[in-house]
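Right after this note come the structures.
Presented sequentially are two complexes of chain A, the first with chain B as partner and the second with chain C.
And then the complex of A and B:
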């Protein structure tokens, strides 16, 4: 039994992530050549993550540096650039992407409520080892969108 | 970026694999200590972390002096596999698709045995001369998957779906830690890995790669 998310469906997460930056900030994020990684994952300062269930088993996360989030907070008119606000924003970005993804997939794919993590906490998470990493750059700040699926998932019931 | 950093590959020294509990390092020093794998250049780490190469070189120098990190050593084949891709900057998504298309045009038809004339496999890769008949090149398989899936991001995602089906330990046994670190002429020696890759390709794409 394999994951039942095809390429076009996985690409939805990429399009939604790129769409977030363009829509919310008016400045598009650039996508660079993706990597497929099998080694220990690396995280930036803050990570927003959703777990997937149903027709796929794994997670999708966006890991971003503090400078990107501070820049984004300023764009959003938020003067408080504290760690707590950066963490909230990492979760909020992922929440927006997850909400739109739920609208796309409906009940076929279960998408969890997003969880925000700082680097040390993210590094403790047991994640699938094979990851699709899409490097993004928004306003000259790097970030990574990561899709990490487990090889086996339950078959669709409907 | 300091060009010499492109050739600076480090790994944790044997003595430092389990650091003393009282060892104190800065966050960046710990980050570098945790990230080195002997296959990723300092220049690549600096790019990933959006840091100046000189700053990272200073940190690396300190950890080397302290005996925590040591320069990685390679066989010629491993060096060629690592250094080929370390020199290549990351292109944007669409140019990457074009690069793969161009790569496909340069190659012999898919299915040509590795090491045959026209595959571009002679003179590099990890196979010993007598083992070429048993190995096969990874890059043509990746190109095949990308082409079958329509190229571009979808093609890359199809490659990801295939590799998701391959047991992690088989990839690490062949020292494949990232597809970006695999040189154009990397040849798979492990028959179990080859078999699982072909099976996964069939499962994901519904076609056989011969």
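And then the complex of A and C:
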């Protein structure tokens, strides 16, 4: 599986993640060294997840802390910093990044409606055993963008 | 003018409502999925619709098709994160006037709306 998601594909997701924060907030995010994770995944306060289909089989999720989401909501001019809006935003960011990726991988990569989770629910999700983790930091708040493909799934290709 | 905002994200609907506050829009309604969008559209008959694509119940492309048939001349601005050319072309073929790629800001939305009406 490590051969299935190469440097070029990872760079697409990194660039799209950084582009999201730069466009929406005007403040750049930083990407840190990607890693492959085999252990039990760790989740932050909120996680937005989309499933991938078509030319890939798995999911993409973004796990972020409440403070990042509240900061981002304020930047969007949203006064309501509720849990419901944090969940919504977690799903919306994930959906945006994954859906933007179709610009590179083509329309045969299908993206589901996003599903948002708080930490306890995210920890119960059955996930593929191997994940590519792209650590990000925006405004000193950490987040992880994770791409998890099923072991025998093809990698998305343009 | 009457505006209908369609997006399954409450954050995006509220962002669009704030971004599109203008004396030009006498009334603004919203819908959070495609099925609700069609119900509201049939009764409300807006002049401008902003339409997400990936939504539960009924996707935005199908809504664009149906709205264009029900009310030829309605202006539909698709606002979606789907970054492939095929989707943008399909949206326009079905009747959308224009396509704006997410992520969006108030400025980008405002510019897209101004461009939409300057085309007339």
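Assume the second predicted complex is superposed on the first by the 143 of 158 C-alpha atoms of A that agree within 3 Å, B and C clash if a C-alpha of one lies under 4 Å from a C-alpha of the other, contacts with A are read in each partner's own complex, and residues count from 1 in each chain.
In the analysis below, a residue touches a chain if its C-beta (ideal position, glycine included) is under 8 Å from a C-beta of that chain, and two chains touch if they have at least 3 such contacts.
Everything numeric here is computed off the predicted structure, so don't read it as measured data.
Superposition note: with chain A as the common reference, chain B and chain C can be accommodated side by side. Contacts of A:51 after superposition: neither chain B nor chain C is touched. Residue contacts after overlaying the shared chain place A:88 against chain C, while chain B stays out of touching range. After overlaying the two complexes on the shared chain, residue contacts for A:104 are found with chain C alone; chain B is out of touch. With both structures placed on the common chain, the touch criterion links A:130 to chain B but leaves chain C unconnected.
Look at A:77: by the touch rule set out above, it reaches chain C but stays clear of chain B. In the overlay built on the shared chain, the residue A:17 is in contact with neither chain B nor chain C.
With both structures placed on the common chain, the touch criterion links A:7 to chain B but leaves chain C unconnected. The superposed three-chain arrangement places the nearest Cα atoms of chain B and chain C 21 Å from each other.
The intersection of chain A residues touching chain B with those touching chain C, taken from the two complexes, is empty. On chain A, the positions that touch chain C within their shared complex are 19-20, 23-24, 73, 76-78, 80, 84-85, 88-89, 91-92, 95-107, 111-113. On the side of chain B, the complex with chain A involves touching residues 34-35, 37, 48, 50, 90-93, 96, 149-150, 153-161, 163-166, 168, 171-172, 176-180, 203-204. Only residues 8-12, 14-15, 18, 54-56, 80-87, 101-106 of chain C touch chain A when the two sit together in their complex. Per the touch definition, chain A reaches chain B in the complex via residues 2-3, 6-8, 10-11, 14, 30-40, 42, 65, 67, 128-130, 132, 135, 141-142, 147, 149-151.
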